[in-house]
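Heads up: the structure comes next, in structure tokens.
Naming follows writing order (A, B, C, D and E), and every chain is counted from residue 1.
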Amino acid sequence: MSDLESNRSLDQTATNTGNRHLIKRRSLLKTLCALPAGILLATHMSFAVADVNTTGLAVTDKDVTVGILHSLTGTMAISETGAQEAEKLAIKQINEMGGILGRQIKIIQEDGASDWPTFAEKSKKLLVQDKVAAVFGAWTSASRKAVLPVFEKENGLLYYPTFYEGLEQSKNVIYTGQEATQQILDGLNWVAKEKKAKTFYLIGSDYIWPRTSMKIARKHIENVLGGKVVGEEYKPLGNTQFGSVINKIRLKKPDVIYAAVVGGSNVAWFKQLKAAGINSKKQTLLTISVTEDEVLGIGGENLEGFYSIMKYFQSQDNPNNIAFVKAFKEMWGDDSVIGDVTQAAYLGPWLWKAAVEKAGSFDVDKVVAASEEGDIELTTAPEGYVKLHPNHHLWSKARVGKWNKDGQATVVYTSDLLEPDPFPAGYQ
Amino acid sequence: MLNVSNLKVSYGQSEVIHGLDFSVPKNETLAIMGRNGMGKTTLFKSLIGVLPASEGTISVDGVDVTSCESYQRVENGIAYVPQGRMIFPSLTVKENIETGMEVSKMKTIPDEIYALFPVLHEMRNRKGGNLSGGQQQQLAIARALVTNPKVLLLDEPTEGIQPSIIKDIANVLNEIKKMRDITIIVSEQVLSFTMAVADRIIVIDGGKFIHEDRREDVDTEQIRGYLSV
Amino acid sequence: MSFVYEKLMGGKQGMVGLIILSALILVVFPMFLDSFRLNLLGKYLTYAFAAVSLVLIWGYGGTLSLGQGIFFGLGGYAMAMFLKLEASSPENTAIQSTPGIPDFMDWNQITALPWFWEPFSSFSFTIIAILVVPTFFAFLIGSAMFKRRVGGVYFAIITQVISVILTVLIVGQQGFTGGINGITDLRTLNGWDITSDSAKNIFYYVNCVLLIGVIVLSRWVLTSKFGRLLLAIRDKEDRVRFSGYDVANFKIFIFCLAAMISAIGGAMFTLQVGFMSPSFVGIVPSIEMVIFAAVGGRMSLIGAVYGCLLINFGKTVFSESFPELWLFLMGGLFIAVVMFFPNGLAGLWQDYGHYVTDRFTAIKNKILNKSTPSNDSAKKTLPETELS
Amino acid sequence: MDGYTYSELGAILAMQGFAGISLFSVLLLMALGLAIIFGQMGVINMAHGEFMAVGAYTTYFLSYLTETYFPAFMPYYFIFAIVVAFIVAGILGYFAEFILIRHLYARPLDTLLATWGLSLIMQQSFRSMFGAREVSPTLPEWLMGAYQPTEMIDIPINGMFVLGLTAVVTLGVFYLMFKSSWGLRVRATTQNRVMSGAVGINTKKVDRYTFALGCGIAGIAGAAFTTIASTGPTTGSLYIVDTFMVVVFGGAASLFGTIASAFSIAQAQSIMEFFMSGSMAKVYTLFALVLILMFRPEGLFASKVRR
Amino acid sequence: MYSNTDYTLAVEGLTVSFDGFKAVDDLNFYLDKNELHVVIGPNGAGKTTVLDLICGKTKATSGSIKFLNQELTELSEHAIVRAGVGRKFQTPSIYENLTVLENLEVSYPQGRGVFGALMFKRTQTVLDKIHEIAREIMLETELDTEAGLLSHGQKQWLEIGMLLIQDPQLLMLDEPVAGMSVKEREQTAELLNKISMGRSVLVIEHDMEFVAQIAHKVTVLHQGKILATGDMAEVQNDPNVIEVYLGH
């Protein structure tokens, strides 16, 4: 089935490409300075394998092996390409800085082929046969759910980059994207305040992430904002007919259309909206499923004036991001665009590096313990500043971007640093 | 008009036609007689190119058609009325006839066809499948005639046809021979019909010719003997 | 004795084939493969159930079912429901707003276990459900279709549509089914940790034994008068009907049997892989299963197993090194099998297999005569020539 | 429904009606090519969706060329693209028939497997040539937007365009199949291939061109769909089941049936979608089709002919 | 509406139309016990369609077919066979890949259900019956021959044998001597005469000589309607038949 239904299912976003040059020395230094001084010193050389690796991982005097597990083929390849490119960029940059605990990072890459059992199979191979110290990968909820038991059983460590529905917290996973409340709540607050929105129409693709997200959105709208949900609709994955829904929307005249349509459906959805005369002049639309990658397919002209809530936009104007975008494009080509998940994937290797150096060991238990202390932070993150919460998720900011014709967004609102809350009370 | 030499035809491993030689001049009607399973239909199928010949040559009016596809043989002047008629059941009578006009490039069905088979004109908008056996046989002949053939092959045209219509068909064949310069080859088991149309009779048995006569020399008892061994 | 030999083993050729297959999967593979690869092989062998079922319904029955994924999925889901309930004990799910129900239900604001989930807390009910539910479903489809003489292309397309319906339903009703993620995070079977290596090894052997059992059962069916009638129906359906047989019943039965066999494969899949998802119900796996059978030889029960192993093995190996090439290869393989090897591997075996059989007999004689068995050499030489 | 004026309800009704008609034209356009290939020739072409994708990619490629080299031509390229899509998909179909299909006329179920293999190869080719990402051509401005007969009614122009295109293609197919001598050849060949050869029809040529025509129409469908959705390597597989359902439901051999079937499926689906979730609407529609097919296996509009 | 009779087969008011075309038109037709009845008529007259209607292959548009006073139009094909109606097809319809013995065995009226077929065993009773039938159809020496290798005539006999083994009360044969040599025709005529003792037989045939050899009664069918019924001589002299069928 992988092809038909699962299809674009799951791709909330997509990503891209990257680059070749190092990050500028200045920002490197910044990273280093940001780390606690003791660990900083410890980073250099002179750690015997026996000390940094007591559980038989693939670590030698010179190098340490990690795995990258994304779909290179199948329907999800579209989305996951960017993530793995970002991860490779980060690893390359780390190696050029001298690696971790004096060891160069070697990559073993496996193809999940957009097929969940294959993800499980390959993750087991990475952990059992290759004994990798960490894995960067997975994209869809389904693939994460498929590999989760393997990571827990083999006590591996997974850095998972996608914004997702929450309701999960595994000892063996670090979530570098937003969980649902981080992405949703502040955006809704913003639209309620800014656009005086009272009525909302919710529409999404029919699977767990949109449904969970809509559930949270509905509770927030009804209980916190005092608004009203006038319609809630889910279309099968890959659906390309939105005529009836658009008519329903016209009938209900919501202040805001709140959308979580994914993949190819997304393109049909926005094209048909525009063709039906519903554009940003008449209608506010807020989506949680469109990043720069989707815009490539949808076409900027069809989206102009609509809003996305993400934690990252390629157009963000800060030195970290400018350096990152440049490095990425140099490594992976000028045509690349960078979406939210690509950036989140880029954070994975850096967060791992910080935790390993703090723990002084590659052992998963020690790295996890170091991560759970809540003081691992990245000041060099392209999105700005992020900090690892003891619940394995990241503190980060939500941003509302307004889409322009050229396929880039202008950030119109940035929240405060939001605490991740994968099991939000009152939203379940 | 039609020359066949050393024709051999096989189904898979087993050879059914064992090296036949014959030629039929213009304006002659040749009847090939024989019991079931003696190779009549196989011979006809190989002449029209539905079955490939494993050896030998077939030529029409001096043109070698041995390696041609069926439709090319039709272009070269062979027309075929198969055993069991094989009209197109869900095409109308008119459309059935028109399928034969591919080669002759005619635009409309010539009047002489309807003159020959008035019943077809009457039923021209009926589905071919809903015609009676005799009518279907006429349709199959009409369909073959509109290709303007030099050689007309008829495989057991009387099979399953009511006796009264068999006589009509014999008349039609003789009429056609008068109207056109045409060679007719017909395979038959019914001797009376053969005697009514054929100029020459060949008996086939076990894939070989065993007997040949001009009509005027035919010993009907002898032929009947061949047909009923 | 001769009954067992002729009927169940399929005579000399069949016996040799079965022995070679058993030796391969029960002895040779476990000897040479590490537990990771062996587990992988076990997963492939669960697909082999579906491939074997297609030999029955398609090769012998003459009816192409593009819905074997439905039954594989139903079997797998039934098993997954049981395991999920066991994994969702109130203690394990204490953080949920409604403890004691599966997590995905909790996420979908379902506060009580749906009625059709309840019986799945019983292991024996589950085992029965795995066998009966898909069979009953097949009975419904089969009666509706075969009694109405729907066959051939139409049957293929309609079964395909049913598998689409089921997939959309499972994905759409995620509160009850887990949606696109499927039912995940299955850990124990009656308290026994199914994620451990030893459990996986045991499942592997159980799977092999069941597979061989299914093949023997299928052979018995095919060598009975029923089997002859099946072939007769395939070739001259009207004659059979006008010999006084209710042809539809025969088709329904073989369709049900095929469904049950697929379902066993699905259940074993869930046990070995640890989750079930709607991706096994849809069109693509259903067609792939047909290809397993076609590559193996659509008339060969044992060939289906090899076809299944060959393709999946190829997929794993090639997708690691040449992911793009693999899809071209797979597509090419479909076409090549249809056009040049309609009898698949079994056809090759039929053409060249007697070399192996002769050798086997020679070795057997040698062993019997000398009574100093050189088992190793027998085992080694046979498998190597097997697929060549 | 309270709170709505009659004119509002009327407007919605009109637009909803148009949504159904628009879905109808999409389904029909998808199914026409297959009705020829499956209905007339009996080939179960699982790669039909990929031929649609060929048309869509052709349109995308032309849009890219036009945008890059002849921007002034942008308003007109789309019409041109439809023609090119037809030709490209037709030529590919021609070769597919020559290389693959013609060996399998006697084995319809095997065409299913072989064309499935073909579809895999085509999908991977798309991926290698155009990348895994979904693409979408830049459409001329006149195709976008809506026509507003009254204040409240918006009829999408792209929908009307597809509707018009479908009408043109349908009429063309009808003319070809039932009024032209070429159509007669096709119908004769499908009824009795051997006999058609024996009355002088070059049946191999007929087969090849018929298949190519079916694929060409799929190409047109693909080009038209770029106005409503995007194109990816696996786009084709999304349409294939729906397309087969339309053809089978209508009665495989009947072109009229295909039209009626597309109409009833589209209206059922679109009306149900208005009242329930999209997933359930799809489930109910498909389920109803299966049920009806069980009672009328030969399809809704197949006629009963003596043997 | 249709009353009971003493006839083995009573066909009354039988009509079937395809696409508006009446292939069989208000047919009335009776068949007595132990009667061998031949239906003749040109192709397309509806002969085979009548057999199709009786054995349930085609459903009637209207009318009644009563076999031993049991209405057949409402039964499914296999039920009609089990009621005692056997039918031979025009082209020999046998299982080419099975041996003669297996062909007969498969037709043996036991193990007709799914589970019966699974459990069916080749007992001595079965073998005896097979040998008996094989002797009757002159194939006892060919029991182990693959049926596909038989001559055309032998295939026709085998199919008759496959019906005989079920001991039907009504046997319907569609052109049983088509493609047979003269000697085979004679043997077949003998066979038919033998088997018509104790059961009714309905035969479709063209060959007038052969018809004369076997028929107790002849019916001429033309365009779905009966032209004449009676013994051979009556029919041959019927002016209608001469006008429409035989010709002057």
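As a working rule, contacts are C-beta pairs under 8 Å (C-beta built on N, C-alpha and C of every residue); 3 or more make two chains touch, one makes a residue touch a chain.
Just so we're clear, the structure is a prediction, and the values are computed from it rather than from any experiment.
The minimum number of touch steps linking chain A to chain E comes to 2. In terms of C-beta pairs in contact, A-C outnumbers the other of B-D and A-C. In this assembly, the chain whose C-alpha centre lies farthest from chain B is A.
Centroids built from CA atoms put chain D at 35 Å from chain C. Distance between chain centres (mean CA atoms), chain B to chain C: 55 Å. Averaging C-alpha coordinates per chain places the centre of chain B 32 Å away from that of chain E. Multi-chain contact residues of chain A (touching two or more other chains) are listed as 3-4, 73, 206, 234, 236.
Residues of chain E in contact with two or more other chains: 18-19, 21. Taken residue by residue, chain D touches two or more other chains at 127, 237, 241, 277, 279, 282, 305-306, whereas all remaining positions touch fewer. By the touch criterion stated above, chain D contacts chain C in their complex at residues 42, 44, 100, 103-104, 107-110, 112-114, 116-121, 123-124, 127-128, 237, 241, 244-245, 248, 277, 279-280, 282-283, 286-287, 289-290, 293-295, 297.
Those residues of chain D lying in contact with chain B across their complex are 181, 184-185, 187-188, 191-192, 194-204, 305-307.
Chain B meets chain E in the complex at residues 35-37, 127, 130-136, 159-167, 228-229. Interface residues of chain A facing chain C in the complex, by the touch rule stated above, are 1-6, 9-10, 72-73, 110-111, 113, 115-118, 120-121, 124-125, 128-129, 141-142, 145-146, 148-149, 153, 165, 167, 206-208, 211-212, 215, 234, 236-237, 423, 428. Against chain E, in their complex, chain C makes its touches with residues 221, 224-226, 228-229, 231-232, 235-236, 238-247, 249-250, 253.
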